[in-house]
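Presented sequentially are two complexes of subunit A, the first with subunit B as partner and the second with subunit C.
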Partner chain A sequence: MGQIHTIGIPRGLMAYRSGVLWKAFFEELGLSCVISPKSDRQILEKGTKRAADETCLPFKLYLGHVESLLGECDAIFVPRMGGYRPKEKMCTRYEALPDLVKNIFRNQHPNILTVSYDWYDHTDEAKVYLSLGAALGRSKSESKKAYGAARKKMDQWMKAKEKKQNILLEGDGLKILAAGHPYVLHDPFMGGEISRLLGKMGATVVFTDYVNREKALKRSYHFSKVMPWIINREMTGAVMLLRERVDGIVLLSAYPCGPDSLVNDMLVRKVKEIPMLSLTLDAQSGAAGMETRVESFMDIIRYQKAGGYGNH
Partner chain B sequence: MEIIKIDDRKKLAFPRFHHYNLAIRYIVEQGLEQNYLLLPEATKETTELGSKYSPDYACAPFKHTLGSLIEAVNAGADIVIETGGLCRLDYYGALQREILRELGYRCEFVNLAEYMGGKKKEMIWLAKRLNPKVNIPKLLAAVYDGVKMAEYLDDIEALYYRNAGFEAQEGSYRKAYRQFLLEMQVAENHGEIRDGYQKAKQIMENLELRRSQYPVRIGVVGEYFTAMDAHSNQYLQEKLIRLGASVERYLNVTNCHFRAKESALRPRIRDYVQFNMGPTTTWTIHAALDYAKRGFDGIVHVKSFGCTPELDAVPVLQNISRDYHIPVLYLSYDTQNSDTGLDTRLEAFYDMLERKKKVLR
Partner chain C sequence: MKKKAYLGIDIGSISTKGVIIDENNQFLAECYLWTEGNPTEASKKVLHELRIQFDQEHYQVVASGTTGSARKLVGAMLGAQVVKNEITAHAVGTTALHPDVRTILEIGGQDSKIICVENGVAVDYAMNTLCAAGTGAFLSSQAHRLGVAVEQFGEIALSAKKAAPVAARCTVFAESDLVHKLQVGYPKEEIIAGLCKAVAGNYLNNVAKGKKILSPVVFQGGVSKNAGVVKMFEEELRMPVIVDEKGHLMGAFGIAILARESRQEEAFSFDAADMEFKTREVTCGKCANHCEIICVYRGKELIDSWGNRCDRGAIR
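Right, the complex of A and B next:
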């Protein structure tokens, strides 16, 4: 791998969960980062052209982000994430990610920087970052220091999000919990639009990924002992933790998502005491056309809150 | 003399999975010494039943296995067993148990995903749950024989699809194959399994073939359940041999679990892939590349609609297809595929391969 000064980070998938950590790590090592612009129609169109029809919307967007970084950096960071534990894996798409990107962009010869870990390797995050540093030609001690500092930044970022969200949860008003994968919740082309809609209708929106991750993960084992995916664990755990503190839940999923297809169905079966709206976003329409469904959901909640259905 | 009261034995059932239920039957009856409920061949109703109660976007194997489980309970199973594994499969059991419960079924549901640690202690605990009086050495011997049976089933099947398209006497291969399956269905010991296999192999190898000099050779690759399970893939391989092809499928239980290891296969595909991309992706890509290098005429890629890991094999297959000039037909199954639609696509694909072959020759 030639001399790398600038690293491109596609603004998609796990960048919404771990991007702060990645960027801080690279910057601590003295590299600069370019992050692709926020998702829009154009990025989606680029990605859709590259992806197999049936792949999930977030992956299509991701490919659009990768494409927009071509020629803008010395290497594009595409990690391979299998998860750290057997019951806390990633969706298999994350195992495939670097090889997918390489095969899809084969003719463009992008320089892909990657690091790989799997639940059967018995590794941990610190070790993974050491090997990422090694891939960049850095010594153990340099990488270790950079990881330590980056982890701290990440934790601070997360704490700030938790704190802010807690204040919102304490406040009055109608609170809606948006539940889903971080990138589905926050990508402007996906959940971003739904949050905007909810906000416009007067709701305070809180998110499952701004809940303390360890606590949510732990709580998820009450929901299911066998569920194999960490992100769905954090999501369901957060739903369990917050369900009594919010007035409604909007389950957001991107079409067609493997893990969500089963887990969200289970959630709807198990969580009955609170209004829940399940929305599936696809590449054709994104969040468009969801307005009426969100609106009537909000009406139901308002009606219930006002004592409808003989509650009071 | 010991008198076994049949009524004391529990009736166990697994979802249908291609021909492997025969081997599972053997292990349950000879090893666990319980009754096994062998479901008849799946029908359209099985599929409809499964789809009706499944989440819309669940992958097709979820729907097929749910259909089987419901039919098993209706047929009187006391204990139904769902397996675990990689990918969504690991969550099938949890959700299917919930669905059955909500439908009001009260049978015992064993979810193997809960035992997937594979520790010996857990396995013994599970065996005791299925039969408190289990004889462990006997069970182990039966597992060994059952594994052998699975290997034989795979072997005879491979022979069948390689040659049956060229049989001189119509139906001769089918007849031998059916006889073999029947014998595996009733085999009660090691010797009967081995004899049945050897007999079938001998008969098949001696059947007269009228193979054209250059038959069209097609390799089938893809997602674990749908590529193997003939009912799920609408008898794809049978359809292909009826068109006149010789068909191979590397993906089977023998090659996935008892022979090749992922880490051993991956070096062979390193021109395309660096990492393990998903549960069966290495098998898919390895087999496809092997077919391409061996001069096969075409590849059929089989998966259920939306199958995450096998979708991720597609860009690699596309590159292999370009590099080796080998056409790939991509089939994506949900539970509503029409049979005629598939026939049309297969015919067109076969004709194209045949034409291409003639031009090249």
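Right, the complex of A and C next:
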């Protein structure tokens, strides 16, 4: 790999969960980062052109983000993530991510910086960042120091989000928990649009990924002992932890998502005591056409609280 | 002094419904006609019809509401006090007539939904996603293929000794399965009964999946006028299914009630029925999202616009 000064980070998929850690790590090593802009229609169109028809909406968006970084940096960071434990794995999309990106952009020859980890390697996060540092030609001690500082930044960021969300949860007003993969919840073209609609209708929106990850992960084992995906674990654990503190839950999934199709159906059947709406966003329309569904759901909660329609 | 009345219009993809009610939920006028792809014209026709039926000497419409897929557009036209989704409108209308209802089944022209009710308030709902198999549009196209008026479907289905098995999960498969069944010699009435059964089965397996269907059950929407489908629902659910004579008007009725409850009153004029309304689509170029903004004009005057995701696209 040639001299790398700037690293491009596509604003999609796990960047919404670990982006702060990635960016801080690279910057601690003296590199600068370029993050692709927030998702918009153009990025989706670019990504859709690149992607096979049947892949999921977030992956299509991700490809659009990769494309927007071409020529903007010396290398694009595309990690291969398998998860650290057998019951806390990632979806196969992440296990194939660098290969998919390399292949799809083979005519543009982007420089792809990657790192790989998988539960059967018996590795941990610190070791993974050592090897990422090595790929950038840095010494063990440099990488170790950078990882330590980056981890601290990440933890602080996470704590700040938790704290802010706790204040919202203590506040008055109608609170809706948006549950889903972080990159669905916060992407402006997916969950962002739903949050905007909910906000416009007067709800305070809180998120499953702004809950302490360790606590949520632990709690998820009460929901399922065998579920193999870490993101769905953090999501279901957070639902279990917050369900009594909110007025309704909106399950957000991007079509087609294998893990979500199983887990969200299970959630709808298991969590009965609170109004729950399951929304699936697709590549044709994204969040468009969701207004009727969101409005109906808000009405259900409001009229229930009011004790009826008063129509007779 | 004139008594107060309330107007509700439900503009669906296939049909447009309108009602005027009084303070006590009594119907003063009602109208049901095809939307024919033109919600503006259909609503104007509904207003014309309602005006004819309506006793303007003794009543004055003081609030109006719109629901259904074109609710925003027609709401802007009428200056409606309430513009609300069809789930809430149907739940409000139905619980007013059937206070003890627990489940509302609704199959319309292009969509279908289920609303679960507890103590007179909706607690859960589901709508069909992606595909219109098993809705009114599907039945109409199959009726056309069989050379039978869709209005006769129910009667013919009831005359069948048994229902032919028809694969109705998907409209495309249903078509080819239908041809096949005809060619191997199934009588027409059994095929029609089979289609009705498939519509009920499809609904219960898709839209109503995972929902607890409790009695009393009220069945609404255009397809509820089909006695064959009603019978198949009763057989599948093993409970009576209530079809209200006014079931097709429940959305309009509900939104009229909500207009009354809004307590916002303003003398309503039927003049909108004679005005020229136009819509124009503008693509906002202020960022890469290119939002499609719908602008509604009365004559040359812009009366409303929507579709922008942010304030940069605000037109008024």
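Note that in this section the second predicted complex is superposed on the first by the 307 of 312 C-alpha atoms of A that agree within 3 Å, B and C clash if a C-alpha of one lies under 4 Å from a C-alpha of the other, contacts with A are read in each partner's own complex, and residues count from 1 in each chain.
Throughout what follows, a contact is a pair of C-beta atoms (placed from the backbone, for glycine too) under 8 Å apart; a residue touches a chain by one contact, two chains touch by 3 or more.
All values derive from a computational prediction rather than experimental measurement.
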{"item": "Overlay on subunit A: subunit C relative to subunit B, clash or fit", "value": "fit"}
{"item": "Subunit B versus subunit C as contact partner of A:Pro98, first or second or both or neither", "value": "first"}
{"item": "Touching partner for A:Arg269 - first (subunit B), second (subunit C), both, neither", "value": "both"}
{"item": "When both partners are placed on the shared chain, which of subunit B and subunit C touches more of subunit A", "value": "B"}
{"item": "First, second, both or neither for A:Ala126, with subunit B first and subunit C second", "value": "neither"}
{"item": "Arrangement angle, subunit B at one end, subunit C at the other, subunit A at the vertex (C-alpha, nearest 10°)", "value": "80"}
{"item": "Which superposed partner A:Arg106 touches (first subunit B, second subunit C, both, neither)", "value": "first"}
{"item": "Which of subunit B and subunit C A:Thr55 touches, first, second, both or neither", "value": "first"}
{"item": "Touched partner set for A:Asp40, first subunit B, second subunit C, both or neither", "value": "second"}
{"item": "Subunit B versus subunit C as contact partner of A:Ala160, first or second or both or neither", "value": "neither"}
{"item": "Touching partner for A:Ser261 - first (subunit B), second (subunit C), both, neither", "value": "first"}
{"item": "Smallest separation in angstrom, by C-alpha atoms, between subunit B and subunit C in the superposition", "value": "6"}
{"item": "Where subunit A meets both subunit C and subunit B, residue numbers", "value": "265, 269, 280"}
{"item": "Subunit A-touching residues of subunit B, taken from the complex the two chains share", "value": "55-59, 62, 84, 86-88, 90-95, 98, 102, 111, 113-114, 116-117, 272-279, 281, 305-309, 311-312, 314-316, 318-319, 332"}
{"item": "Complex interface listing, subunit A residues touching subunit C", "value": "40-43, 193, 196, 265, 268-269, 275, 280, 282, 291-293, 295-297, 299-300, 303-304, 307-312"}
{"item": "Of subunit C, residues touching subunit A in the complex", "value": "25, 69, 84-88, 91-92, 95-96, 99, 119-125, 127, 129-130, 210, 254, 257, 261, 287-290, 309"}
{"item": "Residue ranges of subunit A in contact with subunit B within the complex", "value": "52, 54-56, 80, 86, 91-93, 95-96, 98-100, 102-104, 106, 116, 118, 224-228, 255-266, 269-270, 280"}
